[in-house]
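Structures for review follow.
Common to both upcoming complexes is chain A, partnered first by chain B, then by chain C.
Moving on to the complex of A and B:
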C-alpha cells in the first residue's frame, strides 16, 4: 500500500519536473522546491540520528564523557555567524577544519593527483616486445601533453615550428579531449533519462518487465 | 528577414528535439534491437580482480552518490555487490553523504528483494545468533549448519547472505575523507555500530578485517570527486587497491588514474555497468543481465538520433551559407 503511494508520488513528481521541457510552470517549481526541502530535512534527521545522538548526546549524558563538550562547543561557534557582534568567533572552528584538512590532505593529495600523474607521463616510448597499440598510446600521451602545454605557454608568440605548430597541435588535442567529454556527457544525460523512463514504464505503469 | 528551409532547420524549436529524444527513449523498451555490449579491458580488470577473491578476503562497496546520478551509479554498485555475494566475499557498505546512505538502502533492498531475479536471501544478525554462540562463524560451516536446521533457499534466490559474516552496512559519517583515513587504522573506531545498531566488533568479518590494510579492494561509485578520496587516503597512504564506478560525465576526468596505475579499473556510466552485467552473465553467475544492459538499446538509439541532428545541423549551416555570413538568424552567432 505505502509502496504504491510512494511510486505514484515519485511518478507524479517525475512528470512535474519533466514538464519544464515544455515551459516553466508551477508544478515544476513545486517539484524543485520539494526536492530541495526534503533533501535538507533528510540530511538533518540522519545527521541527528547517526552522528549527534550516538556520538555526542548519548556519550555525554549517559556515559558522562564530558570531554566531548569541547568539540561540541567548537562546532557550535559556527552558529555565531548569525550574530554580527560575535561572528568573529566562527573563525575558530573554520581555522581548525581548514588547518586539519590542509595538514592531513595536502601531502597525500600532492602525491595522488600531481606526483603520480607526473610519474605516469615520464615513461619510455618504446620497450622491446611492447604491443603497437601501447606504443601509439605512449606517443600520443607524451606529445599530446607537450602540445597542450605549449598552447598554454603565453610568454612567446605562437609562431614558428615549435611554438606555432606545437600550439596548433595542442588545440587539436584539447578539442579531441572536449569532444570525448561531450560524448560522455551526452551518454550521462541520456542515462539519467533512461533511468526515469524505466521507472515510469516498469515500476509505475508496469508495461515492461 | 524571411527564413529559408536551412534557417528554419537551424532555428528549430528545441522542444521538438526533446520530443524526439523522449520517443526514442521509450520505443526500444518495447522493440529491443539486441545490440551487443562488449566488455572493455578496464571493466574486465575489475571483474578479474574480484574473481581472485573469496570468503577469506573483504571488499568495500561505497555508495558515494545521490539520487541525481542513481540511474548510472546504482547498476554498477548492484553488479559489483552481486558478484561479491555470489563469491561469498565479505562486503562493507559505506556512504559518503546522507542522501548516499539512502542510495545504499535502496540498492541493498533491490539486491535482497525476493521480486528481483537472482536475489540474495538475507539472514539478519539476530537470526543466526545461536550459531555464533556455538562458535560457528566460518562461511561454509555456517551455511551448512543453517541449511541442516531445515532452512531452505527459495527457488529464485541466488544464495544466503549472513549479516556480519557476508556484509556489514556501515553507512554515512560526516567528513568522509577523514573517515577513510581513520579506517586505515581501525574500522570499528569509526563505526562502533552498523546502520542497524549491531556491534561491529562482534562481527566475524570485522574480526578478520580490522582496518583497511586488511581489506583487499575498495570500490567507489560516485558522480563527484568523492571517489578520489579513496585514492588519496586509501591507495596512496596504505596501498589499498581501488576501483572506480563513475558517471559518464566524469569518466574522462578519472581515466588518468588508470594510466598512472592508481586504480584497478573503471566503469564509466551506464555502459560500464552494462559491461559488468554482461561479464556476470558470460561467466555463469546469473542467467541474464540486469537493468543497465536493458538501457543500452535505448542509449544506442538516442545516440543515433543525436548524431542525426548534429549532421543535419551542420548540413543546414553550410548549405544555408551561414558560415559565410557569420551570423545566424534571430541574432544567434
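Moving on to the complex of A and C:
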C-alpha cells in the first residue's frame, strides 16, 4: 500500500514537472517549491543526525567534552546576522572557517589541482609494446595540454611560432574538449530521461516489463 | 573589532593551518584533528542562517497574502514537517527516518522523482541548445559538432553497428584530447584557487566580510 501510493505520488510529480515543457503552471510550481522545502528539511535532519548529535551533543553531555562548546558558541554567532546592530559578530565564525579552510586547502589544492595534473601530463610518449593509438594519444595529451595552456596565457601576444601556432592548436584542443563534454552531458541527461520514462511505463503503468 | 579582528583570525588561522601541513608532529596533528572536529560544528550552525532567511522570506509572503503565497506555505510546511516527523514524532504516527515514514516518503517519492525529472527536463533544452550551437558555421564549430556526435553515438548501440572502431574512437577522444583540454583548464582553475586562497588569507580579498557594519 505504502509503495503503491508512493509510486502514484512520484508519477504525479514526474508529470507535474514535465508539464513545464508546455508552459509554467501551478502543478509545476508546487513541485518546485516542495523540492526546495523538502530538501531543506532533509538537510536539517541530516545535519542534526550526522553532525550536531554525534559531534557536539553526545560528546558534550555524555563525555563532558566542554571544549566543544567553543565552536558551538562561535557557530551561534551566525544568528547575529538577523540583528542589524550586532550583525558584524557573524564575521567571526565566517573568519574562522575562511581562514582555517584556506590554510588547509592551500597545500591540498597545490597537490591535487596543480602538481598531480602536471605529473599526469609529464609522461613518456612511447614505451616498447605500446599500441599506436596510445602513442598518438600521448602526443595529443602532452602537446595538447601545452597548446591549450598557451591559449590561456594572455601575458604575451599570440604571435609567432610558439605563442601564435601554439594558441591556434590550443583552440582546437579546447573545442574538441568542449564537444566531448557536451556530448557526454547530453548522454547523461538522455539517460535520466530514459530512467523517468521507464519509471512511468514500467513501475507506474506496468506497460513494459 | 568589526573588521580587523576577523581579518586577523583569517590570517592567523590560514598561516597556522598551512604550516601544520608541513610539520609531521603530534601537536600539529592534534591541531588538524581539532579543525576537522570544529569546522562541521560551526558550519552546521550556518544552516540556521539559511533556514531562517528562507522562513523569513516565505513567512512574509504568507503573512501578507502576497501573490502565490500558498506555494510559500508549502515551502515552510515541508521545511519544518520533515524534521518534526523524522526526529520528534513516534513511529506509530509516521515518525522516524526509516521506511515506512513520512520523512522517507517525502524523500523517496517526492523529492527524488522531482529532482531527477528536473534534471531529465534539461535533455529537451540541451537538445534545442545543441541545435543552435551545432550549426557548422565555422571550422571550429564543425570540430565541436563532430566531436560531440562521435562521443554521443559511440556510447549507444548504434555506434557499434557503424563499426567496432567507432566506440573506441569516442573513448579515445574522451581519454586524450578531451583530457588535454580539461587538464589545461584544470591547471588554470587550480592556479586561480591558489591565488584566491592567498588573497583571502592575507586580507587582499575582503568581499566575504559583507556589508554588515564597518
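In this text, the second predicted complex is superposed on the first by the 178 of 209 C-alpha atoms of A that agree within 3 Å, B and C clash if a C-alpha of one lies under 4 Å from a C-alpha of the other, contacts with A are read in each partner's own complex, and residues count from 1 in each chain.
Keep this in mind: a residue touches a chain if its C-beta (ideal position, glycine included) is under 8 Å from a C-beta of that chain, and two chains touch if they have at least 3 such contacts.
Nothing here was measured: the structure is a model prediction, and the numbers come from that model.
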Report task. Please indicate which partner A:21 is in contact with in the superposed arrangement: first for chain B, second for chain C, both, or neither. Result -> both
Report task. Return first, second, both or neither, reflecting whether A:47 touches chain B, chain C, both chains, or no partner chain. Result -> both
Requested in this report: Return first, second, both or neither, reflecting whether A:141 touches chain B, chain C, both chains, or no partner chain.
Outcome: both
Requested in this report: Answer with first, second, both or neither: which of chain B and chain C does A:201 touch in the superposed model?
Outcome: first
Query raised in the report: Which of the two partners, first being chain B and second being chain C, lies in contact with A:130: first, second, both, or neither?
Result: neither
Query raised in the report: So, does A:94 touch the first partner chain B, the second partner chain C, both, or neither?
Result: second
Requested in this report: In the three-chain superposition, say which chain, chain B or chain C, touches more residues of chain A.
Outcome: C
Query raised in the report: In the superposed arrangement, which partner chain does A:119 touch: chain B (first), chain C (second), both, or neither?
Result: first
Requested in this report: Using the touch definition from the top, say if A:109 reaches chain B (first), chain C (second), both or neither.
Outcome: both
Query raised in the report: Touch check for A:71: first (chain B), second (chain C), both, or neither?
Result: second
**Report entry** chain C-contacting residues of chain A that also contact chain B
**Finding:** 21, 39, 42-43, 47, 51, 100, 104-105, 108-109, 112-113, 117, 120, 141, 177, 180-181, 184-187, 189-190, 192-193, 195-196
Report summary line: Touching chain C in the complex, chain A uses residues 2, 5-7, 9-11, 13-14, 17-18, 20-21, 29-45, 47-49, 51-52, 55-56, 68, 70-72, 74-76, 78-79, 81-82, 84, 87-88, 90-110, 112-114, 117-118, 120-121, 133, 136-138, 140-145, 147-149, 151-152, 170-187, 189-190, 192-193, 195-196, 199
Query - chain A residues within the chain B interface of the complex - result: 21-22, 39, 42-43, 46-47, 50-51, 54, 100, 104-105, 108-109, 111-113, 116-117, 119-120, 141, 177, 180-181, 184-198, 201, 208
Report task. Please give the residue numbers of chain B that touch chain A in the complex, ascending. Result -> 15, 18, 21-22, 25-26, 29-30, 68-72, 98-99, 101-102, 171-174, 177-178, 181, 192-193, 195, 228, 231-233, 235-237, 247-252, 256, 259-262, 268-271, 291, 294-295, 298-299, 302-303, 306
Query raised in the report: Residues of chain C touching chain A in their complex?
Result: 1-3, 5-7, 9-18, 20-22, 32, 35, 37-52, 54, 56, 68, 71-72, 74-83, 86-87, 97, 99-100, 103, 105-124, 126-127, 130, 133, 140, 143-152, 155-156, 168, 172-191, 193-194, 197-198, 200-201, 208-210, 212-213
